[in-house]
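What follows is chain A paired twice: with chain B in the first complex and chain C in the second.
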Partner chain A sequence: MLVHSRKGKWTLWALFLVLFVPLFALPLLVIVAASFATNWSGAFPSGPTVEHYAAATRGESLEALTTSLVTALAASLLALLMGSWAALAAHALPKRGKRLLDTLFVLPVAVPSVVVGLAVLVAFSQPPFLLNGTRWIVILAHTVLVTAFAYQSVSAAIVRLDPAYEQAAASLGAKPSYVLWKVKLPLLLPSLNAAAGLCFALSMGELSATMMLYPPDWMPLPVRIFTATDRGSLFTGSAVAVVLMGATLLVLLAVSRIRTRASYR
Partner chain B sequence: MSGGSDIGIRFDGVSVAYGANTVLDSLDLTVERGEVMALLGPSGSGKTTALRAVAGFVQPVRGRVLIGDRDVTDLPPHRRGVGMVVQSYALFPHLRVEDNVAFGLKAQKADKAGIPARVAEALEMTGMAGYAKRYPRELSGGQQQRVAIARALAIRPGVLLLDEPLSALDAQLRSGMLAELARLHRELPEVSILYVTHDQVEALTLADRIAVMDQARLQDCGTPQELYRSPRTEFTASFVGNANLLPVRVGDGQVRLGDAELTVDTAGVAAGTTATLCVRPHLVGLGEGVNALRGTVAEVQWRGATHRLYVDVAGQRVKADVRELRVPPALGERVALHFAPEDAVLLSAGVSADE
Partner chain C sequence: MPTPLPPGGPPALRNISPRPRQKTGWWALPPVVALAFVFLYPLVLLVQQSLTPLEGGTSVRPYADVFADPAFREALGTTVWLALAATVGCLVLGFVLALVIAFVPFPGAKAVARFVDVFLSFPSFLITLALLFVYGTVGMANGMWTDVTGAASGPFQFLTTPWGVLLAEITYFTPFVMRPLLAAFSQIDTAQIEAASSLGAKAPRIVRQIILPEALPALAAGGSLVLIMCLNEFGIVLFTGAKGVTTLPTLVYSKAILESDWTGACVVAVVNVVISVSLYGLYRVVSRRAGA
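Entry: the complex of A and B
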């Protein structure tokens, strides 16, 4: 909607601020404020300190950050690989088969992630697939959870891809595999990149399934935040949360910079 | 990639259907080596489908497609060795012009050392040599068109398929490109070109022969002169150029339109039947003469160098394009029109397009 009058513009901005600040910005600001506080009994936090950050970037917390980054990186790459592969395969299928795959891949989104976590736990707790107690079960669960998003965004991008490109390539004598590598994937690159960012962010924040699965030596950051606040260390938890937020945003920023370079037109 | 020495295209009873909907109905057509064949017809008549059957993007339900002496009906597109330019050009946006043109050579694993020379040659031929380092998005529509042609020609196909290649260009560019295409064809005399268009001017200008399509069927095929001077069907007569199509009763060496008795060649049409008389508007003159048609002026349009008159004769509206008149007739005025017997073609009812 385009608003031209100066007054209208200001009203819109005011409305935006009134809605946005309390809903989105304020909770985040509160966490940031809490992460610098030692005491919050009045209306505002008091006793400013950077102690919590020292704790949040050392020892167990640092380990948890690395765990989260590695998990998210592995899960989003795996998800991207499988999701794109499935989306490309689904596109080549007849309508029925495609709809079946679409439904299959929407399941992890539709089903609560606690249920997915439980399912993974039950399925991989006995031989021959004994993953319980290892880091792999966490990575696996995250992959299952985020592949759906990768599938959906790549799927949407494939539908939008003009078939004329593939056909032009084929008429020039390119085999299907050559067309995939030299034409389709490069043209899908911006979407693949966006999908990877989405998967990464989702995995970084995943808690409910992780809670059911994580082994003692592989505790991702959200679990660490949860346990910290559960013990009552609200301010330390806040500092760790800010670190999580910052790390995720930094990676997303990097990913989107690559995307800008990869997009044509 | 192109097998056999004398390439050309042959459609052998090719039918294509989408579900129960037949969009190409037993097409029989041969494009000779080095010939430009225009597929001319209104939108939806199945032209693109015919072209896609050659390229391999639709599978015929019946019939065979041959390129040279190779039956390619069951070959996948990448093994057919045809050059194709589609309406949208489909230049790869992530590749520079030179890489677009080199794409086919690389895909076919051509000798690496020879690629730059062949890319340069193709770009030279289409006048795009100065743009090799650009991306497609940095080119105008006409330039993209040239690159698309260069890309198709770089693989040295025996057959070039062009699907409405000029339709995305404005009128001025279009006539320039038309001349360019004619020049390209002179430089590549052995390449067969199948040129899909709905524009009769393009077809008449460029083609050695024109295949007229309507409603999934081939209606007529012949040289531009044949189709223009002596069309075999009403559809051809009206679609190729513009024609007066007048229902007449056939006598012996003459036909009747209302009261008027007209002398035309009635060979091959049985006396006593009804037929369609086809006369081009620019061959109709104003004033008395042989084969006079008298009627009242219904409309007069000034078109610069000519006047287009619409005259109602015996319930039929006859079009005449005459040299600009100093004093055009008034509406409702009674006038006479005439045409020479040899300028008219009689189409027997049996060969009308909607049979």
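Entry: the complex of A and C
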């Protein structure tokens, strides 16, 4: 305890409230409040309605939701495969090789996402690889952006893994592939889960690269929110935003449940 | 509880370990080739495109043209000062908030710390969207003002200026500073603080002489991460909808998508990558030293 006097404590807590509530709690509450309103010209929203949710869960917006879910699922599975494969392989390499792989796989984090979008667009709009205008270019860009996070969290987990388990299995005559499937991967399952959740959430909210390259028939939720608010329909935009936050939270919750079950194994 | 193995493992293990080691090098190849195809190959083409002027051929003319463009210089200046100011703001705010959560805990402080984690999983543009309702021309703050004073319009008109972007960036990125700080604070021995305080040190002195030195590595790591993310932030600036605020990422977007000036967009993109990657290298060095 840093402050002992009662007055000092209450002053600090009041300061915390004054800083925290308007900055962090208010924005999310405001979006939820706006999604149920028809009008916001005074201090508080007015005209309660659920119409925006009706609009947010049909037609274009429903399509955007499924687009986002499919993109995020595909991108996070691909990123998980690529990232954990690379992390496992890097762990077995000598020190210099591991450092090289580390650098290579975190590089996409250092490059701005808008630039990743532009680079992918430039590269795959010309032969021999023509993907421009298809949904694959969006999935590919999302995969590039989230692979680094999968790699980082899996490789951090591998370092913490007790080598005694795999050594014991190997000393009992298990082949490397058997050790990988029956010992290493089950032990890594909780962190693979966490990495999948992280990748999914990032891909659901990804806007910068997507703005550069989405085709008209594959428009994810963040772009839909932008087009709605850009046209001035702020309230519909907030309803779609609440749907986005809800979907992300639901998936994160489901993933964390799997994780707790996996860690009991 | 398995008995701990001696360092290097039992002798039997040393005999079999070389066998997988020789083979494993090839296993790194598939993911590296895949990443090279989807990431390095596009980057190479990006650089190539940036060196190809409209007339064809290869030259550095496009770079000279872009550097001479006042719009580019302004965007560069705006990007840098916004990122620096946002980083300073995040560091100060994050330090104060983390300090209260860790050392003057209140009922529900744990829940607040968890809320910060959830906050990180939402996209950044939601903050700008929310600020439109709070400080927008017809939003909450201005609505309250006009209700109370009867004026035609409120005093809060900063949302479409750089200050609106700055406020949104500080709001969104402060949790990225708070997380490493909270982790660092949990490592501090509370006995040290109790001892200092029983010897008569007041709270400001304890913060300055005990907590701050321990938190410096976490502050440096969190601060440089936030600096990079602010330099590359796109969603917040785009949602602000301000024509007056242009940063490097939005310049890339408007050149490529709105003006179809591919070479110009690629030049700006290359500049952005160079700044960001070199800062990221610095961040890796700093965070490795911080043990993060």
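In this text, the second predicted complex is superposed on the first by the 243 of 265 C-alpha atoms of A that agree within 3 Å, B and C clash if a C-alpha of one lies under 4 Å from a C-alpha of the other, contacts with A are read in each partner's own complex, and residues count from 1 in each chain.
As a working rule, contacts are C-beta pairs under 8 Å (C-beta built on N, C-alpha and C of every residue); 3 or more make two chains touch, one makes a residue touch a chain.
Remember, it's a predicted structure, so these values are computed and weren't measured experimentally.
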Partner chain in contact with A:Leu187 - chain B first, chain C second, else both or neither: first
Touch count on chain A, higher of chain B and chain C: C
Partner chain in contact with A:Glu206 - chain B first, chain C second, else both or neither: second
First (chain B), second (chain C), both or neither touched by A:Gly97: second
Contacts of A:Ser171 with chain B and chain C, given as first, second, both or neither: both
Touching partner for A:Leu252 - first (chain B), second (chain C), both, neither: second
Residues of chain A contacting chain B in one complex and chain C in the other: 164, 167-168, 170-171, 176
Chain A-touching residues of chain B, taken from the complex the two chains share: 1, 55-57, 76-84, 86, 88, 90, 92-94, 103-104, 107-108, 135, 137, 151-152, 155, 161
Residues of chain A defined as touching chain B within the complex: 162, 164-165, 167-176, 178-179, 182-183, 186-187, 189, 264-265
Complex contacts: residues of chain A adjacent to chain C: 1-4, 8-9, 12-13, 15-16, 19-20, 22-28, 30-31, 33-34, 40-45, 82-83, 85-86, 88-90, 92-93, 97, 101, 104-116, 118-124, 126, 140, 143-144, 147, 163-164, 167-168, 170-171, 176, 198, 201-202, 204-208, 211-212, 222, 225-226, 229-230, 234, 237-238, 241, 244-245, 248-249, 252
Parts of chain C lying in touch with chain A, wherever the complex brings them together: 2, 4-5, 9-10, 12-13, 16-17, 20-21, 23-25, 27-28, 30-32, 34-35, 38-39, 41-43, 45-46, 49, 93, 96-97, 99-101, 103-104, 106, 112, 115-116, 118-119, 121-127, 129-134, 138-140, 143-144, 146-147, 170-171, 174-175, 193, 197, 203, 206-207, 228, 231-232, 234-235, 238-239, 241, 248-249, 252-253, 256-257, 262, 265-266, 269, 272-273, 276-277, 279-281, 284
